[in-house]
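Both complexes below contain chain A, partnered by chain B and then by chain C.
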Partner chain A sequence: MLQSIVHVCLAGLSAGMFIWLVASGLTLIFGVLRVLNFAHGSFYMLGAYFCYTFLRFMGENFWLGLLVGPLCVCAAGFAMERFFLRYVYHLALPYQLLLTFAFVLLFDDLVKIFWGAGSIGSPAAPGLSGSISVLGRNFPVYSLFIIGVGPLIAVAMWVFLERTWLGCIIRAASSDREMASAIGVRVPALYTGVFMFGTWLGAIGGGLAVPYVGLLTPGMGETIIIDAFVVAVIGGMGSLKGAFLGALVIGLLSSFGTRFIPTFDMFLTFILMAVILVWRPQGLFGEST
Partner chain B sequence: MKKTKMSRRDFMKAGLLTTAAAALGPVAFKPTGLWAATPNLKGPIKVGYQAVLSGTLAGYGAFHNMGVILATEEINAAGGIAGVKLEVEFRDSTLAAPEAIKNARYFVDSWGADFLGGIDSSGQALALAPVMAELDRVLMVTHAATEKLTEEHVFKKGIKQVFRICTPTYQDSNAAAFVAKDLPVKTWSTISPKYEYGYTCWEMFKNTLTKFRSDVSFIADSWAPFGTTDFRAHINTILDAKPQGFYSTEWAGELISMVKQANQAGFFEKVKHVMFPVGAAMDVLEGCGPELPDNVWISGRYFFLYPDDRRNNDWVARFRKRWDHYPAYVSETAYSTFYAFKKAVEESGSKDTAKVIQALEGMTFESPAGKRVFRKEDHQAMYNVPWGLTVSNPKYPFKVMGKQIVIPAGECFNRPPFEGPGTKPPF
Partner chain C sequence: MVHRYLTYGLYGAMAAVLIGIGLFSGRFMLYMTMKVMILAIFAMGYNLLLGRTGLLSFGHAAFYAAGAYGLGLVSLHLSSHPLLGIFAGLAAAFVMALVIGFFCVRHTEIYFAMLTLAFGMMVFSLIWNLRSITGGDDGLVGIMRAPLDLGFFSIPLRKANHYYFFVLFFFLLSIFLIHRIRQSSFGLILAGIHENDRRIEFAGISLRNYRLAAFVISGVFAGLAGTLGTLLESNTAPFSAHWSYSAQPVLVSLIGGIHTFAGPMVGGLIFIVLREIIERFTHNWMLWFGIILLVIIMGFRGGVVGALSGFAKQKKTASTEI
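Here is the complex of A and B:
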């Protein structure tokens, strides 16, 4: 029983941290730019495809692929923000949603054109492909790695936003765009930078998914974006702390649900979201508006 | 100067000759071969085909399309169907039932389709069947597997417009039970899709296997929702139960993810007897590569190395030449659909729905997958697909079937009237 519970916890932690990797970029972009970016799942997908392509080109070196792949996706993020999103910031939310959704369809089709419509089985990460015994049952090393990377990214983002000059400017621009602009912050350039950083986070999530999910498919972003949105809603749209905790809760809840109350495992996640929306519409850590 | 004007007598002569030629013509130049009976067929013959081209399963639509295009090219190069050109339009079904119905209505009402084909999901097939009765066109289902389509809609409700060319859930569960009965396994478990297809197969597998063996029990089941990418929690559930056998109707990308994650967790060292009813799909074999363990039981709706005869091997060679790819099972069922339509039209001498249905019922025809017969009562194609054990073969960059067991469709498919004794295997 102990073995079972420990493994259910580990599976939940790795699932939660994996969702966090994707939700972090989504939350950052919403928190600063106030844009609900549906295409964030596409950055996850592009991150996975680029990482896979580079690792194939560079002698099956996954880590090099993980370094280069997401940078290419940043270019796509730059183009999307600079030439499209920038012109809809002042419009109502539905217009932004429509535009980002258009990009979802666009990116899906681009992936089908360049990589084919079929699924691609992807290789394990070199050095982390094995498993170690935890209380007599094997647990994949790569899942442990994901459990470690999640908090690392969270801490790095916290330090960056709270303890650096640039982070301070970003926070200033996000809380009052006009005032920041008035005191000489180049807000448009800053927004582009933040959007690219969010894009990079999504793409890193995708790159890390290459060994974690073991499969690349066009449309893979659409499955993960739903989870990421649920996490963001539970934690509070725009709150990184909330998204981190939300991801942990969702990961553990679905893992325990699958194991112990399988009939209701999907129900649990969404009932939690519904309860939070009723009881605390701004989410666990969201600012009430 | 010669008289150039035609005299009245000449004119009469010419007229008589023309009349004689016209009268004799049909005899002298009578069409021969299969389309002899169809001089009045007005072309072209239009087939509206739909399969999933978007989302995570878009690869399946692409595989359908390869079969569709190859069949269309070959049939038109050889003179068409009954001498008439074959035209095909391919649309994305998106896996959603409303979209499938919308496409079907477009094909028939706007585009003027004579026949319809395709359909991946059981939900789509069940929703579309009543619409086919209303549109009154033959629909050949090439992928959706639910037995309810043929048992209830075709047999019980009498929707005669629907046919199925691929193997149904009987292959996934009844045939699996025929294999499982001889395995040294007393405790079975499953991770399967959390929707109709997964539930039905597991129930059918349990029922049929219990009839063979009274000493087996089914000790763990875990259901993965559509779109699951992380199977680790499900794998835990199964490992906790410590079963000897594992049966899973996970398919396509989700099966690939599950196999890889199970491998990482050392699952296949703990559970020795594993059965994947749709594991012989090309995308799964290629996607898993070496990570699919040896000695796993797999099957599908067609496997490109079976039957090992000239017709199939030639077809696989032609397919590879055209697409630089091994054919997936949906490529075969899509391809064969057009030859089924061709034979039915040429035999009935018409593309009229009622006449084509009459020709298709009980029709036998040769296809890459072997001889198929459309059962008269429920319009299910009867043909054999093997179950086999995975093995590495240096000729292929993926696992193939080694040892094969063929359970004839006549032995493992449920029989009409589908209720009461003697309708479910073993017979």
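Here is the complex of A and C:
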């Protein structure tokens, strides 16, 4: 029993870390730009596909693919912010959301055109394949690696945002755009930068997912973006700490749900999201407005 | 004044064309026209919420599915009388919209959108997982189009050209009802909420109740579209409750123009026809819709109807100036 619970916990943690990687970029973008980006799941998907392609081209080197792939996705993020999103900040919410939704449609079909509509089998990560014994049952090494990487990125982001000059400027622009631009921050450029950084985070999540998911499919972004929304909402939209804890909660909840009440595991996630939205719309760690 | 007669003339012409299609065209044309009308009902009801009240819902697929599964379950287990099925579907959509709306209208803007998304996906997960009731990923299959039994006589609906007039009746009824709702003092208050909700609140009007009423009405029309769509296809699809399906009425309203009455209808026509044409040439219709959506949001936020009526108005002012 203990063995089974530990394994369900580990599986939940590793699933939660993937959601965190996607949700971190989503939350950062929402916190600064105030735009909820439906296309963020597409960046995750693009990250996975680009990593896969580069790793194929560069002699099956997974780590090189992970380095180069997300940078290409960053370019897509740059184009999206610089040429489209920038012109809708002043518009009503439906237009902003639908603009990002238009990119979901675009990216999904572009992936189908370039990589085919079927699913692609993905290789294992070198050095991290196989599994080790945890309490007498095998657990994939790569999942343990992911459980380590998630908190690492969380700490790195915390240091970057709280302890560096650039992070300080980002926080300033996030809390008051006009004031920041009045004291000389180039807000439009900063927005582009933050959007690209968020894109990179989503794409890294996708790249790291390549050995984990086993199959790359053109719709893989649409499922994770909803989980990331749930996490962003539960934690409080714009709060990175909330997104991290929310991702842990959702990862564990769906892992335990799948194990013990498989009929209602998806239902549990959404009822938690709805209850928190009704009861505390600013989320568990968001500031009330 | 001229503008009003022109509008009436256009609606008369539309009704005449629709009746003509029903009398003289082949099965494919009938099927496509029915799809347009059903989508138009869905979008018109939805636009009461989006364009009129200013609330963006990402969960209306749930009400479409409520109508579809309500009709499907009644027709498979109880009686296949179409009116009874439609009534059941509408009742299911009504109850569901009332319950979901009760929680959702507490918030606006992004929180409202996220709440409707959460509830919509909740409904989807139930439909997907409760296999014994809903058929899971297969949906409900084999729903018959039984004759419309009105007591002293009955009208067969099995053939496409008979069922067509059944759909046409509900389409025209929906146009009439939604027009009346928009023009009523209730509809004007909804527009007022969109313009300036604080002022409406100062006038002593309960924002929450009016938003809830708009939510429920649009949910019921989504349910009606769901019942008609199910009778047309004779099965239900679980993905009709998925959030990506909720984006469809938003897309349709936006293409047509969310601030006009005819927008969602025109948008529905464009959506179905364009999708059909694009699918003849390529499988990638989403790519093209993405591009169209981008163009509309970046440049033509009034939609097609908004752009056309804006053009007409411009022409009129130009001619009076001369």
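Here is the rule we use: the second predicted complex is superposed on the first by the 288 of 289 C-alpha atoms of A that agree within 3 Å, B and C clash if a C-alpha of one lies under 4 Å from a C-alpha of the other, contacts with A are read in each partner's own complex, and residues count from 1 in each chain.
Simple rule for what comes next: a residue touches a chain if its C-beta (ideal position, glycine included) is under 8 Å from a C-beta of that chain, and two chains touch if they have at least 3 such contacts.
Since the model is a prediction, treat every value here as computed from it, not as a measurement.
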Checklist entry - When the two structures are superposed on chain A, do chain B and chain C clash or fit side by side? => result clash
Checklist entry - Which of the two partners, first being chain B and second being chain C, lies in contact with A:E222: first, second, both, or neither? => result both
Checklist entry - After lining up the shared chain so the two structures overlap, which partner does A:Y87 touch, if you call chain B first and chain C second: first, second, both or neither? => result second
Item to check | Which of chain B and chain C A:A274 touches, first, second, both or neither | outcome: second
Checklist entry - A:L97 contacts which: chain B (first), chain C (second), both, neither? => result second
Item to check | Partner chain(s) touched by A:M266 [first = chain B, second = chain C, both, neither] | outcome: both
Checklist entry - For A:L110, is the partner it touches chain B (first), chain C (second), both, or none of the two (neither)? => result second
Checklist outcome for this item: Intersected contact list for chain A, partners chain B and chain C 108, 112, 117, 222, 262, 266
Checklist entry - What residues on chain C touch chain A, complex-wise? => result 50, 54, 56, 103, 106-107, 109-111, 113-115, 117-119, 121-122, 124-126, 128-130, 243-244, 247, 250-251, 254, 258, 283-284, 286-287, 289-291, 293-294, 297-298, 301
Next on the checklist: Give the list of chain B residues in touch with chain A in this complex.
Outcome noted: 53-59, 61-63, 194, 221-223, 225, 227, 229-230, 232-237, 239-240, 252-253, 256-257, 260-261, 264-266, 283, 286-289, 291
Item to check | Residues on chain A engaged by chain B in the complex (per definition of touch) | outcome: 4, 7-8, 11-12, 14-15, 18, 108, 112, 116-121, 124, 129, 131, 137-140, 142-143, 209, 212-215, 217-220, 222-224, 254-255, 258-259, 262, 265-266
Next on the checklist: Help me check something: in the complex, which residues belonging to chain A touch chain C?
Outcome noted: 36, 84, 87-88, 91-95, 97-99, 101-106, 108-110, 112-113, 117, 222, 226, 229-230, 233, 237, 262-264, 266-267, 270-271, 273-274, 277-278, 281
